[in-house]
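Chains: A, B, C, D, E and F, in written order; residue numbering restarts at 1 for each.
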Amino acid sequence: MDTREQHDRGLALRTELFGRDAVEKRAAAFGDFGKPLQHVINAYAYGDVWQRSALPLATKSIAMVAMMAAAGHGNELRVHLKGALKNGCSMDEIQEVLLLLALYCGIPAANEAHRVAVEVFREEKLM
Amino acid sequence: MDTREQHDRGLALRTELFGRDAVEKRAAAFGDFGKPLQHVINAYAYGDVWQRSALPLATKSIAMVAMMAAAGHGNELRVHLKGALKNGCSMDEIQEVLLLLALYCGIPAANEAHRVAVEVFREEKLM
Amino acid sequence: MDTREQHDRGLALRTELFGRDAVEKRAAAFGDFGKPLQHVINAYAYGDVWQRSALPLATKSIAMVAMMAAAGHGNELRVHLKGALKNGCSMDEIQEVLLLLALYCGIPAANEAHRVAVEVFREEKLM
Amino acid sequence: MDTREQHDRGLALRTELFGRDAVEKRAAAFGDFGKPLQHVINAYAYGDVWQRSALPLATKSIAMVAMMAAAGHGNELRVHLKGALKNGCSMDEIQEVLLLLALYCGIPAANEAHRVAVEVFREEKLM
Amino acid sequence: MDTREQHDRGLALRTELFGRDAVEKRAAAFGDFGKPLQHVINAYAYGDVWQRSALPLATKSIAMVAMMAAAGHGNELRVHLKGALKNGCSMDEIQEVLLLLALYCGIPAANEAHRVAVEVFREEKLM
Amino acid sequence: MDTREQHDRGLALRTELFGRDAVEKRAAAFGDFGKPLQHVINAYAYGDVWQRSALPLATKSIAMVAMMAAAGHGNELRVHLKGALKNGCSMDEIQEVLLLLALYCGIPAANEAHRVAVEVFREEKLM
């Protein structure tokens, strides 16, 4: 497949998952300097890895939330929590991941992840 | 609930997930010095957090694999990869998590996680 | 021991260490969504591990400051710096931990920890 | 060499790399509490390790940017991005390091580093 | 560009940097399970990011050594130390990166990186 | 103070804490390549930071054990566990730090630290 085509199907999936506004805002944030990174995100992450079909999108979102919370990437956790809600994950399911996090990565990591999750839930009018 | 009861139901679930041999071997490895940590694992992790029912065990395993691989905990990743197989996750599903890892935590983290996964799959005669 | 009892003695110790206001503010911050995490903190951290008596509270605080600064958990470092002062640790003792940090976890980690410490000391009118 | 002399040549190099204002602001930020850490920075980092001559300053800056971005130290990354520009590194060279970061430490680390870099470039009127 | 072409030019560069034996050994290590990860490495890392020309290969190697040592990825550090030597970096230049690491990521990280570097230098008959 | 003098008093303290054999073995392990790092360790860590007197050596050891376990530096944890025993810390005190670790950095970090501790205790004939 041509990488341009791979980029475009990636951007399409990413837009579907997170909404056009969010994706365009992130693409614009770093201007021309950020273009090669946007290519990595669109063509390689969403145009390849996210296209795989062994796991449903909701389960991929669970994996992403677990991964980003464990790695301490709060900003990216926020993005994938929104994606998780979009993909049909419930607050109870997300809570369960964050409690596993408390036991396996420690209370401070879980506190940070809860803080981000509560912000997202409030923005989405879920609490 | 009494914490002893919570410990016992946790140990029962843990034994079901990983097998009696593995659990007893780990409990014995650190002798008396490790007893309070075993209590944390049995009563608080498996007796409380793992008892929650919002996520099926297979999805919890996906979250654990994602979390342990992201945090670089190879030994614990091995344990939870075995649990994932026990809970019905396929190699293709695990592969998909480890490819998300490559993009979101980097190639070296994915290399390490692949190395552990391949060892587990060979022990389980899956490759 | 019943886990409710363990929770209550944990909450009592936590309140003694950090003050009622701080504890209630944190408990309320995440609403119902945060209740299971508060249970982990109160019953398992403060109701079990912090109840052990081999180390005086001041030395536990030194360990917590070292651990949170090494792990880069700034918010939790702030909490445990306040606890350290409450438990009788001096600024000189804290400084010594943060200098060990500079050599063993690097200058950037020490810079971040100093920043948090100076904020805490100013809030407590110590500088 | 006397450590005072080592401190002074370190402070001189640090001032040359980052400008007097930035260095004095950081030295003042933590008051007396921060003096021993400033000694570590001036005498041991800039007075010893940075004095070595096997690598040109621009290449040391590339190494520092790579290291701080990989370790997730955003504040220190900012400092060393300014140093990199001062030492003659171009935006294209910095971009290349941050793209290696995307592949080897993951997209979220690269996103964070891009965010800091774009702030620095805007402050320096480069974009 | 077609991703197959991008993969092939990546594999060619990777083979040039690390030698055919090393690359084939790594590709074979994970069997079919590892093929998608090999695609990420060949097509996206070496076929795209490593193809960029703003930094000479020796400087990219310095950045990679800094990044892998800071992230604590010993196995990948070993690979990129070999690449650094192949790209013309001297032991003195590598030493300078590892001393910056000692000050900015701490002595234990530098000890681990020295251990890996000394193993590589001995394999390459440099010490 | 002359840095040579600072180095020598550092080496003296380090030898007292860990024994001549251990220190010489580590100094020799990296040959000439490791000499500048040994200078950092002897002159800056043990010749400066460890010379400070606000904390007793046993409490510094507690801080070091907490820090190294939290940062996942197993080899350095081993060194400082031996130092902790030498400085009069008991197994019960060390256990308490490792249980705080379980709650605040997670079960896998505590498992790894227990494994190292049990090895050290067996080498020292304490279990």
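Operating definition for what follows: contacts are C-beta pairs under 8 Å (C-beta built on N, C-alpha and C of every residue); 3 or more make two chains touch, one makes a residue touch a chain.
Here the structure is a predicted model, which means the values were calculated and not measured.
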Contacts shared by chain A with chain B include exactly C, D, E, F
Just to be sure I understand the contacts, which chains border both chain F and chain B? A, C, D, E
Moving step by step between touching chains, how few steps can get you from chain B to chain E? 1
Selected interface, C-F versus A-F, where C-beta contact pairs are more numerous: C-F
What chain lies farthest away from chain C once each centre is taken as the mean of the Cα atoms? E
Are the two sides of the chain C and chain E contact the same residues or different ones, given that same means over half of the numbers occur on both copies? same
Note, CA centroid farthest from chain D's centroid sits on chain B
Expressed in whole Å, how far the mean CA point of chain B lies from that of chain C is 29
So, in whole Å, the Cα centroid of chain E is separated from that of chain F by 30
Would you mind listing the residues of chain A that make contact with two or more other chains? 36, 40, 44-45, 49, 52, 68, 71-72, 76, 95, 99, 102-109
Can the chain contact pattern be summarised as a line, a ring, a star, a complete graph, or none of these (other)? complete
Give every residue of chain B touching chain F within the complex, in rising order. 29-34, 36-37, 40-41, 45, 68, 71-73, 75-76
Residues of chain B touching chain C in the complex: 1-3, 6, 36, 39-40, 44, 48-49, 52
List the residues on chain A that touch chain C in their complex, please. 72, 91, 95, 98-99, 102-103, 106-112, 114-115, 117-118, 121, 127
Give every residue of chain F touching chain C within the complex, in rising order. 44-45, 49-50, 52, 54-55, 59-60, 62-71, 76, 90, 92-93, 95-97, 99-105
Any idea which chain D residues touch chain B in the complex? 103-109
